[in-house]
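Each of the next two complexes has chain A plus one more chain, namely chain B in the first and chain C in the second.
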Partner chain A sequence: MNTLLNNLDLFTTGFQNTLILFFFSAIFALILGTIVAAMRVSPVPAMRAAGTFYVNTVRNTPLTLVLFFFALGYPKLGLPEISFMTAAIVGLSLYTATYVAEAIRSGINTVPVGQAEAARAIGLPFSQSLRLIVLPQAFRAVIPPMFSVFIALLKNTTVAAGFSVAEAGAIRANLSERGEPAMAGLLWVALVFVVLVFLLSLLQRYFENKWKVAR
Partner chain B sequence: MSSVLFDTPGPKAVARNRVLSVVTLLVVVAIIGFVIYRFAESGQFQARKWQLFSFPLVQQTLLQAIGATLSAFATAAVFSLVLGIVLAFGRLSDRRWISVPCLAFTELFRAVPLLILMMIMYYGLPTLGVQGISPFIAVVVGLTLYNGSVLAEVFRAGIESLPRGQKEAGFAIGLRKSTVMTSILLPQAVRAMLPVIIAQLVVILKDTALGFIVTYNEILFQAKYFGSQAQYGSPIIPAAIIAGVIYVGLCLLLAGVAKFLESRMRRNQRIAKGTRAPVAAGSAAGD
Partner chain C sequence: MTTDAQATALVDVDRVNKHFGQLHVLQDINLKVSKGEVVVVIGPSGSGKSTLCRAINRLETIDGGTIKIDGKLLPAEGRDLARLRADVGMVFQSFNLFAHKTILENVTLGPIKVKGMKKDEAEKQAMMLLERVGVASQAGKLPAQLSGGQQQRVAIARALAMKPKVMLFDEPTSALDPEMINEVLDVMVQLAKEGMTMIVVTHEMGFARKAADRVVFMADGQIVEDAQPEEFFTNPKSDRAKDFLSKILTH
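== the complex of A and B ==
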């Protein structure tokens, strides 16, 4: 308990940064993932190919390597400088977007065929039938897998600690500089993550009930 | 190609799709081209930056690093599968003093970030007087605890998705509960869940890269070491490219093995109508 109370500043800034990383990455990943999923079911072959290539490549690359590239490689390219935080958000979003895209695509497949057929029958083009008919239903169906993706994202933010972002995963290094026991600090970090994951699963249950698909 | 989402394109739609195809192609080429242009502009393709990776000794070190990654992956994969099966059986136990701790264990280790687990192993335990925690042990134990818990849920979902008749038939012919589990339910659950299990194995392979942060001597760790050699122009981007190609290659290889196994098992099922399923499923779980 003392480890936590004496270093409350470290813990609060650490988890604040974790939540910032999580929040922005989740939003960008959701947007990018939806676009990629739409590309992968679109009638244009080149779009399907581009989406598939992106998803297959990034999903087979470790997140650590993605962040490695953005945190250590990007500054060597002579482009406008970005902070480690921004680099981590970009890396996490690009990585998580592939998982979001796959979740949404599987959701699109669970929407009954009749829905899309009815949309086509009343003359909606692809973009409208996807946007107005299929995607709203797909989103509701994929709440559980989508939240698994977000829980994974929350836990993945700790990887950014290895690349100079002062978030929850970096609390240990700062604690040991202050001469505090490493184990107690790490266990507190683990406990907070358990609580955060629990909160996210409560949120998941709430949305599941609210947006239950009436079939 | 047609799908439920859109009509078979007519002449107008074909023309529009062609235009869109060209636009997509241009955008993709522009993005890749920009990245390559920046690489070339900042001198990432200079021979000096790649020279380091042409030395046999460096190549051998990289091969050793691949070996380190693969050995951590293989050890963790085997232990995770075993732990997953044990935890799944524990959760399905009728005795509450077995099922409740197993539930708590899986929920706890699924919620803690893998990196924090590895740090607890590597930085935390030695301060409590536990000796001999090498980075390898930290990586493998962390991976096993996390992925074992995830796989336990997978196995449990697989077993619960089976028709009740399977279990009841097993009891009806006088098998004990343990035999029903191991020789009737588990083989079918593994077969049903094989795609998910393989996907989780790919996750294990990718997560070995976290060992980089707890100083495990794997691909990314070596890549960073070589990437910071100043006398060769700090080739960090060439090193990242090489590491990326290795990882994507390894993961695609694993996914290929998975696809092969899946098609083989499906063929078996058709020929033998499930009678040979336990053999095939057993060998797959061992891989």
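== the complex of A and C ==
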């Protein structure tokens, strides 16, 4: 308990950064992932190809390498400078979006084809039948896998600690510099993560109940 | 058929061909439907009648030939196709009501999103249509809470809300329990009486006799007969039609 109370400053800034990383990455990954999923079911072959290429390349790259690129490679490209925090959010978003896209695509496949046909039959173009009819039903079907993706994202934020972002994963390193027992620090970090993931699971249950589709 | 009738054909299917792999499902199909005409398409399963119906609003693509709606060639893709589909109402065998939307929203979605109608106006029209098909009291419910017959009547109202020039019915009563078939057929007969142009793929011979102007008999991807209902049922010309009728009319 002393480890926690004596270093509350470290813990609060650490988890604050974790939550910032998580929220921004989750939102961007959700938006980008939805767009990529839509591309992968698009009637335009070039869109499908681009979506597939993005998912296959980024998803097959270890997250550490993606973050490595943004921490070390990106500054050398001569593009506008960004903070490590922003770089980490971009990297995590791009990486997580591939998993979001695949979860949503599997959801799209669960929506009976008749739903899209009926939408087309009343004159809705592809984009609208996807947005108004198919995606809302697909989202409901993929709440559980989607939350698994977000839980993984929450834990993946710790990888950013290796790239100078002072988030929760970095707490342990700082603690040992202050001469605190490493094991106690780690356990506290782990406990807070368990609580955060539990909160996400509650959110998942809420959405599952709210969006139940009767068939 | 006179040239005059051809000129006014609302739906003009001209030498249409389609293959599913090896299977030649539509073979040189010619079909003209004039404004206000009710055409019933019957035939054994696998004869291509559903495919023909779906090809008319391009839910199925075709390999050859042309389909014109009100003189306009069916566009291949994109916005033009969407606009044309808005003029062609479609009722499916499996209803296909939007599962996550209420009955009222199912009927107002098209007019609001496609025609740019105001919400309250669309709702007023939707309630009138739901009243007409007898399910107005269910307006706030989700599709799954309704019986099959009610769902299919909502599907008809949804199609009518777009004020289509022609209505396509793809086996509208085949997924229904027997006691619900008539409530849907009654709505369709009413619609036919009001002068709606209709192409109906069905096994309901009673409907064909009561409401059809013409019966088109299809078998093995071809139109075998095209005749007045009374003439077709009492005096079919082809052996294929005689065989089909003997099988369905004996019991």
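The rule is simple: the second predicted complex is superposed on the first by the 215 of 215 C-alpha atoms of A that agree within 3 Å, B and C clash if a C-alpha of one lies under 4 Å from a C-alpha of the other, contacts with A are read in each partner's own complex, and residues count from 1 in each chain.
Here is the rule we use: a residue touches a chain if its C-beta (ideal position, glycine included) is under 8 Å from a C-beta of that chain, and two chains touch if they have at least 3 such contacts.
As the structure is a computational prediction, the values presented were derived from the model and not from experiment.
**Q** Output check: A:128 vs chain B and chain C. Expected answer is one of first, second, both, neither. What do you get?
**A** Only chain C is touched by A:128; chain B is not.
**Q** Given the superposition on chain A, which partner contacts more residues in chain A: chain B or chain C?
**A** The partner that reaches more residues of chain A in the superposed model: B.
**Q** With the two complexes superposed on chain A, say which partner A:137 touches: chain B (first), chain C (second), both, or neither.
**A** A:137 contacts chain C only, not chain B.
**Q** For A:84 in the superposed arrangement: first (chain B), second (chain C), both or neither?
**A** A:84 sits against neither chain B nor chain C.
**Q** Applying the document's definition of touch, where does A:183 land relative to chain B and chain C: first, second, both, or neither?
**A** In the superposition, A:183 contacts chain B only.
**Q** Who does A:24 touch here: chain B (first), chain C (second), both, or neither?
**A** Touch status of A:24: no partner.
**Q** Taking the superposition as given, does A:120 touch the first partner, chain B, the second, chain C, both, or neither?
**A** both
**Q** Looking at chain A, which of its residues have contacts with both chain B and chain C?
**A** Comparing the two interfaces on chain A, one with chain B and one with chain C, the shared residues are 43, 117, 120, 125.
**Q** Under the touch definition given earlier, write down the residues of chain C that touch chain A in their complex.
**A** The contact residues of chain C facing chain A are 57, 59, 77-79, 82-90, 92, 94, 96-100, 109-110, 113-114, 142, 144-145, 155, 158-159, 162.
**Q** Touching residues of chain A toward chain C in the complex: what are they?
**A** Answer in residue numbers: 43, 112, 114-115, 117-125, 128, 132-133, 136-137, 140, 213-215.
**Q** Would you mind writing out the residues of chain B in touch with chain A in their complex?
**A** Chain B reaches chain A through residues 1, 3-7, 9, 13, 17, 20-22, 24-25, 28, 38-39, 41-42, 44, 108, 110-117, 119-120, 123-125, 127-128, 202, 206-210, 212-213, 220, 223-224, 227, 234, 236-237, 240, 243-244, 247-248, 251-252, 255.
**Q** Mind listing the chain A positions that touch chain B in their complex?
**A** So the residues of chain A in touch with chain B come to 41, 43-47, 50, 57, 59-65, 68-69, 72-73, 76-79, 108, 113, 116-117, 120, 125-126, 129-130, 134, 151, 155-156, 158-159, 161-162, 168-169, 172, 176, 181-183, 186-187, 189-190, 193-194, 197-198.
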